[in-house]
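Chain naming follows the written order as A, B, C and D, and within any one chain the residues start at number 1.
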Amino acid sequence: MKELALIFLPLLGAAVAAAWPSEKTRPWLLPIVGALHTALTFWMFVNPPPLVDGGWLGFDPLARAVLPAVSLLFLLCAAYAIPYLHVRSARSNRVFVAALLGVLGLLSAGHQARHLGLLWIATEAVTLAAVPLLHFNGTPRAFEATWKYLLVGGTGIALSLLGSFCLGYASLHGGGGGDLTFAALTLQGGGLSRPWVLTAWVLLLAGYGTKMGLAPMHTWKPDAYGEAPGIVGALLAGGVTTVAFTAILRIRAVIAAAGDGPIADRTLLAIGLFSMLVAALFLLGTRDFKRMLAYSSVEHMGILSVGAALGSAGAFAAIFHVWSNSLTKGALFLSGGNIRRAAGARTMDEVSGMAVITPHSAAIFVTGMLAVTACPPFGPFFSELGVIRAAFETHHGGAAAMFLGCLLFAFFGLTRLVFAIVDGRPRAASRETGRRFPESMSVILPPLILLGMSLWLGVATPVTLREAWAAAVTQLYPAP
Amino acid sequence: MGLNLLALASSRLPSLIGAVSVQGIALGVMPLLIEHELRWLVLLVAVATVGLKGFVIPTLLRRAMRTANIDREVEPSIGFVPSLLLGAGGTIAAVALARALPLLPEHTGSLLVPGALASVLTGFVLLIGRSKAISQVCGYLILENGIYLFGLLLIHSTPLLVEAGILLDLTVGVFVIGIIVDRIQRAFDSLDTRKLTVLRE
Amino acid sequence: MIAALEIILRLAGWLVLAPLLPGIINKVKAWVAGRRGPPVLQLYFDLARLWRKSVVLSTLASPGFVAGPAIAWVAIAGAALLLPLGPAGAVVGFRGDVLLLIYLLALARFGTAWAALETGSAFEGMGSAREVSYAVLAEAALITAVLSLSVHSGSITLETMLTPAAGPGAVLLAGGLFTVLLAENCRVPFDDPNTHLELTMIHEAMILDHSGPPLAVILHGAAVKLLLFAVLLTEAVLPVGAMPPLAGTGALLAGVLAVTVGVGVVESLLARLAFRRVPLLLTTAFLLCLFALLVAWKGGPA
Amino acid sequence: MTAGPLLLIAAAGLAAGIVMGRAQPRLWLALTLVATTAGLLAAGTILLGAPAWEWRSGFDFAGEEFHLRLDGVSSFFLALLSLIGGLGAAYSHEYWTDERYPKSAGRGRMWWSALVLSMGMVLLSSNGLHFLIAWELFAVSSYFLITLDRQRRDVRAAGWLFFAASHFGTLCLFAFFAAIAAHHGTWELGPMRDDPATAWLFWLALAGFGLKAGLFPLHIWLPSAHANAPSHVSAILSGVSIKMGLYGLVRFSGWLPVPAAAGWVVLGLGAAGALLGIAFALGQNDYKRLLAYSSVENMGIIAIGLGAALVAAPPEDAGWARLALAGALLHAWNHGLFKSLLFFSAGSVLHATGTREMSRLGGLWRTMPWTAALFLLGAVAVCALPPLNGFVSEWLIYVGLFDAVTSHGSAAWAAMPAIIVLGMTGALALATFAKAGAIIFLGAPRTRRVAHAHESGPWMRGPMLVLAAGCVAVALAPLAFWPAVARAVGAWRPAWEASEPPAAFASLGPVQLTLALAGVTVAMALWERGRHRGVRRALTWDCGYALPSARMQYTSGSFGGLATGWFGWILQPERTLRRPRGLFPREALALQRVPETVLERVMTPVGGVILQVSAAARRLQHGRLQFYIFYVVVGLAALAALVLFGSMR
């Protein structure tokens, strides 16, 4: 019941938002619904409801381990959305608010989906619900980005649907009764038809990998993140990609149960490292700091994928990384949004000296950049270190070396760009726009809190959280 | 499957849309042929499919085409002959691939799997090889048709609720695509996706 | 008490005898050239006169201008004290004193170079640049020579290092050390002590602006250094320390004399090398010492 | 008091300094001085014989229990850190004031406390995770200290290079500690020499720590960072920070098994670094860069000592290795003392003249006698000339190496070249510092601004005097410092615990003292003699030229030209020459610059290739949707191939 509440509360909010008459007060629905959602999530986190056997939806250990991060991220983005939409009051926010709430509801559904088909439906719906968010700016560039997002994402979605069918057929071929819940599929395990399972894995990985933004299916990401408002970027990078990742984790568990875990892990490792490599190469040269965040996101998706490939310790680190990446990336997107607005431009050729114009956002941006490049004591440091340790534990020394090499190049690219924007003498144009968009508490606090939570996650990871992650890992990586 | 090749060979948008529409109708009728007993849900799905895929979406596309006032040439970036060959090769490959995968006895004879795979491949060829936004949408539709065709394999076992959900999603997806196509047309005054290359690197 | 007395006596010996050597060299040169030449004791007269003169200081010079030569002189005298004197052995000695010897010579170089640079003159700058630069190669040769001695004797105390009979590498070592001696003491073919063109000088360029007592100290220090190298060379080649006292002393004196005469002969026969050829010669010296080291390594206790 | 409370005071003082340093310079200074004194005392108690201090928190930080340990090795470095940390803070009180640098002075104080605190944590942490945290915070605070003066582009570039290089090292350490943790199942660190399977990890440590220590080919970041940082920061970077890399190498070569080749490699890198570092130093025209390269040289010398100890340690455990290690450790202290002194004096010159170009200076001894004298003292020490402290530690290393040679073991093949290199290094150092001291302080001022330079005030001079006193103390009473060194050596290898000082070491002190006294006496006597006979001041001999000008003095480039020419193959000096033309030539120009060869000739081209690859890759994101979908298909095909390949095996 509460599971459904998590989904329908935001959807209801979306409906209300669509009907709400006042442009001025509508944005307040976001933090209100967000706060309720967060409260409910954390209440459920503390008192997880019992799982119904064979249920299609459920607040299972994996949902419990990941959903609170998404909910928190949404809450802070929602808080940020009020001043943001106030600034952008020239445009109607009806669709924006409704779609944002819709995304939250569908994300909750996707995280809780314990059924292959339902999972697909939720993910697809999230993809579509995000479309109005992407072109909120209404510029030709935004439409171009949306178009690419739709078609590349749609292709990925189509592939994952095909993969889902294949997995279903594998179950059918193996004598299954057509029950496509993950529990049933896992139970069927070795009974699944192997060729179909492998085909399904390839298609599902490519499909959900597109959604996650793993290279080479990541091409929509820089466009979408670059053109969308900061909050949307934060939610896409921290929430939507997370759903796709949990989907891959769930499917991997089925494949592993069917006896093809090593193959699945190898592909995950390969695609993860490849994503990191591609991201690192792009980061080395990119001059646009919003697209930089997108490539950084590709890199972190790679990290998640590598972590998932490295057994239970790696998966633990990966789930840890979901949290630390969501929160830290959120801080980066929001502070980056502040900088973007104040600067009036977003490439290092046009922007410099933002430490003078927006000192607080610049400080958060730099700190967030350091955090996201695994600088202790922020969350990503611990989770990435966990991945490396897992690599050594599973004797993947070469993978660890490549992992670290990509981190290094990504660091070069990120620091180069971020310092170029923050340091130096501010441009005249930026001084002008900077006056129009002064930093207020309401736009600084949300990213600051996100950053603070990333720090808190690093230095004092709550024991309950660790236990929740461990439980999720036990669910997905049963000890042999 | 012939329709796929027709779609590949179409040099004009209306005929491409037509091919898609016919394929949609055929697809919609399929469950009725496969199912032995007519359940009302199956019927509903079939009707919805035929309606949407066969009529609504093609109509939408035609209207978009008309309002966009674009010339009706398809302007391939992969030529017609190569794409035909690719499509034919894809079909052969699909047949071969389908043979490599084990099928349940009741499906062994049917052309469902190779047909589905061939459609998927055709969809990809269209998506990759055509530059007009509308022809890409057609490609996407053919891709989804292929997947839908494949889904028919599971029609016995998967609950129709899921099928319905999937169908709904697809439909909404296509609607959204249509809306964006419209917006792009207004923003760029063109539906040539080759102009959509501002965002790079 | 006795030890202190001995130190003072030895020191006195070193300081008093050293100025003889340049005199001998000049005499040899004169003989070879068929002249009568200055008296052997000429340097004593020069020193005495300089000591009585007044000082002309550059307007730019700091107290270091005077302190430099003084410290260099102390360093050289100290280094000389470390050397064992044939059968009499060393009066100040400890394990690793050979390093102190080398670094005291370096300190002396630093002192002279610093004092030279005090004036800001380009000539002195040139001279000290050459001095410290060529020293790099000379130092390599010298330390290799020391290394071969220590390999040969199995010790790093000067007294024991210099005692045993020279091994088969003695000739190589002698050649190398002799070249180092010429370089370190700024003799032909590295430098011409009698040159009158500032641009071609090394040591002489460094002391262009010195006068009076400081100049005396510099000249005296240079003489002690020459004697030091002569003694070192002799003892490195001849097992004077192992000989009976009289014979040892005699051999030591004869060796020093031979080295001095050798310097004179070389100076008479060779011209100063072009500066760019200097590294070549020094490298040759280094290689000689290196071969000596290899020979010593082969022949040493296994 | 025992170490525990003292360390608590130190940590609290530094933490309070981070919080309050921004606004209250005086309070910050007091806090920092108290904290560093406490740190020094804590280190002192251990070094003077108290048992190693160990503490477990009982509560978790970042998922791990705090485990701090102060033993011989860490307290040895802690002493150095505390000393320089305190003195640098005092120095900055006058050097980097709020009046002069209103934007960055407060930040500078905050980061200084953070730097000292994080380095202290590096030394104390006995848990891999905490070590890494402290290590990275140390790097970050160094970065922000280097770039205090962020307005300047070259400072930012130097800072970025430091940060990037440092991150490379940090990532190596990520791998290092993660691999240890993976192998032993815990982040806890401690002696674990028994497992030869972890020996290969030493190479990771060498890359990570060696980079921080500025070992030769990994030193590329060091010159520009140390030259562009504010001078008090340069002092702590050169005096202490790079020693953290050394600490890491010493610590983990002591705790972990090392591969057989480790010692040889360290020794080889050290020898290369010593010789080439000083050759580069000689070629510099910027006196802070010169000092920075001299740090590369000295770290090379230390590495020679450490390498010798490693060569000996596993198979033969020879006595000479102790000497080499003791020499290396003592040299680390000595280098900390004299290099900080030199950087402080350099800062004093920079403060007074505003330029780092030696060719614009000259004649400063008249206006800045204290600075000149202290620089001279540091220069003599850094050249390892008796009677100062540099000689003491190099003597130990030399004796160790010579003993290795005379013991006729295989180690001799490493020791012999090392000795020759050390000898040449010494001679080159002499040339370098004779040049630096002379061009900066002697002769005539080359520009007008320099002629009106001013001596630094008491807050800058005080720390310099303390350091000079430290140099003299180590030089004249080396025996007093032996127990500390022996304690560190014993902590490195317990079997070497109770090593008595070599007998000759005892005689070094009196000899140096005598020498110093004799030198001073004779110098004064000579001065008196001159005065007695009469002193006349006159122009420098100018060969009869009528119009001498200060610009005609020998320059640093000409001084070093001869020797740098021999190292031209690696130094690759760049010359810009415009010869005088015509009968009445107007202008002529000769510029010489010695680039950072490894960086500019190796790393930059390699980086260029990587950037080209990156540019090529980025062209794939060309904005054409059709291709994006094609990429999806390609990805799909690749995954299929991977799975197919996997399923067939």
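As a working rule, a contact is a pair of C-beta atoms (placed from the backbone, for glycine too) under 8 Å apart; a residue touches a chain by one contact, two chains touch by 3 or more.
All values derive from a computational prediction rather than experimental measurement.
Chain nearest the geometric middle of the protein is D, using mean C-alpha positions.
Comparing chain pairs B-D and A-D, the larger number of C-beta contacts belongs to A-D.
Taking the mean of C-alpha positions as each chain's centre, the chain lying farthest from the centre of chain A is C. Separating the centre of chain B from that of chain D, both taken as means of CA atoms, is a distance of 68 Å.
The distance from the centre of chain B to the centre of chain C, each centre being the mean of the chain's C-alpha atoms, comes to 97 Å.
Between the CA-based centres of chain A and chain D the separation comes to 43 Å, rounded to the whole angstrom.
If each chain is reduced to the centroid of its CA atoms, chain C and chain D end up 35 Å from each other. Counting partners per residue, chain C has no residue that reaches two or more other chains. Looking at chain B, one finds that residues 127, 136, 193, 196, 198-199, 201 touch two or more other chains. Each of residues 147-148, 151, 155, 222, 282, 285-286 in chain A touches at least two other chains.
Taken chain by chain, the contacts fit none of the simple shapes, being neither an open path, a ring, a star, nor a full set of pairwise contacts. Annotation, chain-chain contacts: A-B, A-D, B-D, C-D (touch as defined at the top).
By the touch criterion stated above, chain C contacts chain D in their complex at residues 51-60, 62-64, 66-67, 69-71, 73-75, 78, 92, 94-97, 99-100, 102-104, 106-107, 109-110, 113-114, 117-126, 128-130, 132-133, 135-140, 142-144, 147, 150-151, 154-156, 198, 208-209, 212-214, 217, 279, 293, 297, 300-302.
Per the touch definition, chain D reaches chain C in the complex via residues 362-363, 365-366, 372, 376, 380, 383-386, 391, 395, 398-399, 402-403, 405-406, 408, 412, 416, 419-420, 422-424, 426-428, 430-431, 434-435, 437-439, 441-444, 502-504, 507-508, 511, 515, 518-519, 522-523, 525-527, 529-530, 533-543, 550, 552-554, 558-563, 566.
Per the touch definition, chain B reaches chain A in the complex via residues 100-104, 120, 123, 127, 133, 136, 140, 143-144, 146-147, 150-151, 153-154, 156-159, 162, 165-166, 169, 172-173, 176-177, 180-181, 183-184, 187-188, 193, 196, 198-199, 201. Note for the complex: chain D touches chain B at residues 618-619, 621-627, 629-630, 633.
Contact residues of chain B toward chain D in the complex are 77, 124, 127-131, 136, 193-194, 196-201.
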